[in-house]
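The structure follows.
In order of appearance the chains are A, B and C, and numbering begins at 1 in each one.
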Amino acid sequence: MIEIDNVHKSFGALEVLKGIDLVVDKGEVVCLIGASGSGKSTLLLCINALEPIARGRIVVDGIDVHSKQTNQDKLRRKLGIVFQQFNAFPHLTARQNVALAPRKVLKMPPKEAGLLAEQHLEKVGLGDKIECYPAQLSGGQQQRLAIARALAMSPDYLLLDEVTSALDPELVGEVLDTLRMLAKDGMTMIAVTHEMPFAREVADRVAFFHQGVIHEVGAAGALIDHPKEARTREFLGKIL
Amino acid sequence: MLDYTFQWRVVWKHWPELFQAGLLTLQLTLLSIIIGLVIAALLAVFKDSDNPILKSASIAWIALARNTPALLQIYMAYFGLGAFGIHLTPYTAVLSAVAFNNAGYLAEIIRGGFSSVPASQKLAARGLGLTPAQSYLYVTLPQVLRAVFLPIVNQVIWAMLATSLGMIIGLQELTGMTTFLQSQTFRPFEFYFVAACMYLVIAKIATVLAQLVAAYLSRGGAVK
Amino acid sequence: MIYTFTANDLWFMARGAGITFVLTLVAGALGSVMGFLIGWARTSRNPLLRGLLGAYVDIIRSIPLIIQFVLFNSFMAIAGNPLDPFTSGIITLSVYISGYVSEVVKAGIESVPAVMSKAARGLGMTYAQDFSNVVVPIGMRTVFPAWVGLMLGLMKDTSLIAVLGATPPELLRASQIIINRIQEPLLILLGAGAFYFVMCYVITLFAGRYEKSWRQKHEVAR
């Protein structure tokens, strides 16, 4: 369970998170929607401690993420993250990309890590690209590689930061298919996304961000089809 | 640890000579860059020309200038040319060798600058109805200037450092004069220390000036 | 009595070329290690450390190598620890090239997109694991050509060690000794130039081939 309790965060004078409260249960898929700059992506970075917070608390499975006593490197193994920008390591093949963290972080023997990598690459449909370098992969394939890389650490949660936003339209589908499959397998996910049909179909709940606060949160279908708040309606009206 | 008394007064006594020598270094540096730039522009054009003689001459010049030590180039100018009956003074030898060297490096900088401007820029300019000359002058050239400016400044600093090799053939630029003075007074550390500071000051002034110009050139975005 | 160029002289020059090569290798290795550490430290968040090392590099890059040689030499003599010219030559060359290497290393580290590190840290890697497995391999490949250029520059700069009267003579000093004897400067200098040229050319060729081989497959497609 991820408990986010009154989280505040600023970049200089700009307050990007102004008291966020949200609880995500095991097995749940929650989509964060809202205009760019509303703080969604920042929240993801705060959840796995890639960004510090100013006030409040984030607790993952009983561990206070931002406490000084917490080993954040160890904690991040629980929380896989995939970004909007392509971030496959360009100097490593697909297999090496996926095997790197299991080898270095979990101290897995190279052979075992390689096999694990193959399993996960096959799972995301890259079974025939195992020896390819990122430069030889399309954007959609690179994003699936990044997902496989996160999965290889057997995370309990997956944080997805607009993973389809940098893709050409025809490549979005293959990445969303992979995420659908993970949702079906029961993976807990928090996804920042602009893909409303996807959110309605896959998410259990949707949270609408506006200027650093969660304006409305509710069951996916209900919120997207019948938003209660005027701001939510306005945002959805622009995007749908 | 230091059982040594530093004596700076003797350096101060010879300050006029050092200052003159510093001016000579500055003069050599600037002349070698100006001559180098003119030749480099020609080399850059020749390297892409259809004339096989000009092309190979340019390739050879650039390769020789870049792949042999500057000191060897100075020796060549000072001792080597004697075989052709050409006897250069130390000043001319250093100037021509450093200019020869600069030309080779600057030619590649200029070529790199031109290739950094996307072809679409020229097309866009022509598409707006600019003549070839106008598109070159108002669109291509300003972008080339941005790209080559900082590398050229680095080359200026490098040329200044290279003129110090004149000392080896007896030219009394800053390093040569320093060597001469310290041999008269047996105070090598003090003299070389002051000379080092003078080089540092010249380089610092040059870089600060360059940054001001770069800021102007890069208005509307960083120099790429 | 007229002296001529003999096979012995050619051997003497070839040995000089060998010494040039060894000097480059030793000073290049030491200077690269130092330069790597300095360049890395210059990407730190500590402004004092960054400022100090930045000034250090500025100084090294603004003073002629000859002056650095003699200054270091006379300083060691003053300090009561005179070094033999060869050792002090290697030390000065290493320090000198480390300044330039640190610039290249810094640029390499900074060229790695921040999202790469975020991805690595997001997988649970520590700063050290991220740095050694992700940042360094990606960044150092980007600046590899620039580093090769520095090493070639270093090779040409080893000719200045002769100013210290260093023994044994490297290529240019060896040439000069022969010139003094047989008074054929043009011929000998052309020969020395050819030696340098070939050494530079061969290194450039191999470096280019190596770079091309990984660039083809590793570069991120845009």
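In this text, a contact is a pair of C-beta atoms (placed from the backbone, for glycine too) under 8 Å apart; a residue touches a chain by one contact, two chains touch by 3 or more.
What you see is a predicted model, and the numbers here were worked out from it, not measured in a lab.
Touch-path distance (fewest steps) from subunit A to subunit B is 2.
Central chain (C-alpha centroid nearest the global protein C-alpha centroid): C. Centroid to centroid, with C-alpha atoms defining each point, subunit A and subunit B lie 53 Å apart. Computed from the mean C-alpha positions, the centre of subunit B lies at a distance of 20 Å from the centre of subunit C. A straight line joining the Cα centres of subunit A and subunit C is 45 Å long. Touching subunit A in their complex are the following residues of subunit C: 113, 115-116, 118-126, 129, 133-134, 137-138, 141, 214, 217-221.
Listing the residues of subunit B that touch subunit C in their complex gives 1-4, 63-64, 66-72, 75-76, 79-84, 157, 161, 164-165, 167-168, 175, 178-179, 188-189, 192-193, 195-196, 199-200, 202-204.
The residues of subunit C lying in touch with subunit B in their complex are 58-59, 61-68, 70-71, 74-75, 78-80, 152, 156-157, 159-160, 163, 172, 176, 179, 184-187, 189-190, 192-193, 196-197, 200-201. In the complex of the two chains, the subunit A residues touching subunit C come out as 45, 48, 50, 73-74, 76-77, 79-81, 83, 85-91, 100-101, 104-105, 133-137, 146, 149-150, 153, 159.
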